[in-house]
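The following pair of complexes shares a single chain, subunit A, combined with subunit B in the former and subunit C in the latter.
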Partner chain A sequence: MEKRKRIPARFQVGDRVEVLDLKLEGHIRTPSYIRGKAGTVIQFCGFFLNPEDLSVGNTSGPVYPLYRVSFAMNSLWPGYERSEDDELCIEIYDHWLNPPES
Partner chain B sequence: MTDKHHHEHKHDDHAPLVEEDDAGNLEGQQITDALQALLIRKGLLSAGEVTLEIQNIEAPGTHLGAKIVARAWTDDNYRQRLLANGKDGASELGIKVGEAQLEVVENTPDIHNLVVCTLCSCYPRSILGQPPSWYISKAYRARAVREPGAILEEFGLVLPKGKKIRLHDSNADLRYLVLPERPPGTETLSEQQLAELVTRDSMIGVATAAPPGSSHV
Partner chain C sequence: MRGYHDIGGDDAGPIPKEELPWLYWEKKQEAMRNLLGDATRRLVSLDELRHGFESFGIEKYKRYSFYRRRLEALIDTLEIKGVLTREELEEERARVGRDWEPENTGAASHGKT
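Right after this comes the complex of A and B.
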């Protein structure tokens, strides 16, 4: 049996990343409110099958790196009413991230 | 089922708002029932298997999460192992976690954790059972990531000034359990008595654990 392909991890804990707004259709696990936002990788979660593949019955696709990324709440919402220290952590797959545009 | 018919005007003008069958089932339920009946008729599934699976899904409850929290409160080494790997930590207590990974997030004097699944209703079901209806409501899922302070106040939780909120959107493969702060005045309680103070809402993050002597159970 062929070994499952693994998409290489491009990021590590501490990296600044930006969430892409990929124009993909189907089952997407990257909510629209986080697209285009910049955050920091806080955890490498491991390699997982892509829900975008699984939702159409493709169980033989590659595994993708999954990260937990932290965002400042006041960078997500204009006029955020609470503390500037509040943060939101969310899981993002590698192909939805890029290094930030400098 | 309504018969198909032709009109000059738009069908929307007199179509029912929601299609229901004689038993009052909505369309999604009708499709599910039909699929289940077909799978059973073709011998791919038995009714007994469905019943057993429902029982398995409904068997876990908040007592499992509470047991984990009470152990973490009383055993600091266990707490650290649990924070490093939630699934292994649960397994140490004989609790099987069915989800891919369990992330235990700890409340401290400086940080309050809150869990939401904006996309659907991801929740650590194998250790907390089924989520409450408010957790899967669109209102909670939309507002928790936008105005968590207001949400907590609506649940009756006012955080001390300067305490930061850390939100977790449970959108992919991890499931989250909040480890609430141990209430003061509980130093003499047994692990079992401590577990009784750990509420479901405190493990989601919309409440703190109950104070000793409270009658929430």
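Right after this comes the complex of A and C.
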């Protein structure tokens, strides 16, 4: 079997990252409320086929690194009044992330 | 781009905390989807279904339940790929429906067992 192409992982646990707004049409798994926000990588989940490829029936694409990223709740929701330690953790693919302010 | 399904953070009022029964057809449909998408077939991926119901229009999306959305998107995808047509599906549904009519099941003549 032909070896599947693997997109290299650019981030490690502890890295600060910023979520891009790639303005893609079609099925994406990065909700709008998280785009443009800065968070911290808390876990590397592994390499997975890109849902953007799978959503149009392409099962032969490369595998992408997926991370669990944590965001401060009060950085996401204006007027958030609960604990400032509250976090939202969400899984995001590598190509949706950049180092902050790059 | 913010799709009509991308509602995280919107006001939605209180969350109704009620247990919804999982209907038989819903389980059956998920089982079929799993088989159609497994590694030996790869006919329909879950992301294709998501793409389907995220693009078939907000009216349809709001009108249908969670599983009905997935069913409609599943049929659309199978139709696009030439696996079946809506007409074939309707014919089959009518045929199966006829099989379950009392006069065709033999239930009337056998009585209770």
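The definition used in the following text is that the second predicted complex is superposed on the first by the 100 of 102 C-alpha atoms of A that agree within 3 Å, B and C clash if a C-alpha of one lies under 4 Å from a C-alpha of the other, contacts with A are read in each partner's own complex, and residues count from 1 in each chain.
As a working rule, a contact is a pair of C-beta atoms (placed from the backbone, for glycine too) under 8 Å apart; a residue touches a chain by one contact, two chains touch by 3 or more.
Keep in mind that this is a model prediction, so the values were computed, not measured.
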First (subunit B), second (subunit C), both or neither touched by A:Leu66: first
Which superposed partner A:Trp77 touches (first subunit B, second subunit C, both, neither): both
Subunit B versus subunit C as contact partner of A:Tyr93, first or second or both or neither: first
First (subunit B), second (subunit C), both or neither touched by A:Arg6: neither
Partner chain in contact with A:Ser55 - subunit B first, subunit C second, else both or neither: second
Partner chain in contact with A:Cys45 - subunit B first, subunit C second, else both or neither: first
Subunit B versus subunit C as contact partner of A:Arg16, first or second or both or neither: neither
First (subunit B), second (subunit C), both or neither touched by A:Glu25: second
Partner chain(s) touched by A:Tyr33 [first = subunit B, second = subunit C, both, neither]: both
Footprint overlap on subunit A, comparing subunit B with subunit C: 31, 33, 51, 76-77
Residue ranges of subunit B in contact with subunit A within the complex: 100-101, 103, 118-119, 145-150, 162, 164-174
Contact set on subunit A toward subunit B in their complex: 29-31, 33-34, 45-46, 48, 51, 66, 68, 73, 76-77, 81-83, 85-93
Contact footprint of subunit C on subunit A as seen in their complex: 23-28, 31-33, 51-52, 54-57, 59, 76-77
Subunit C to subunit A touching residues, read off their complex: 1-2, 6, 8-9, 42, 45-48, 50-51, 54-55, 81
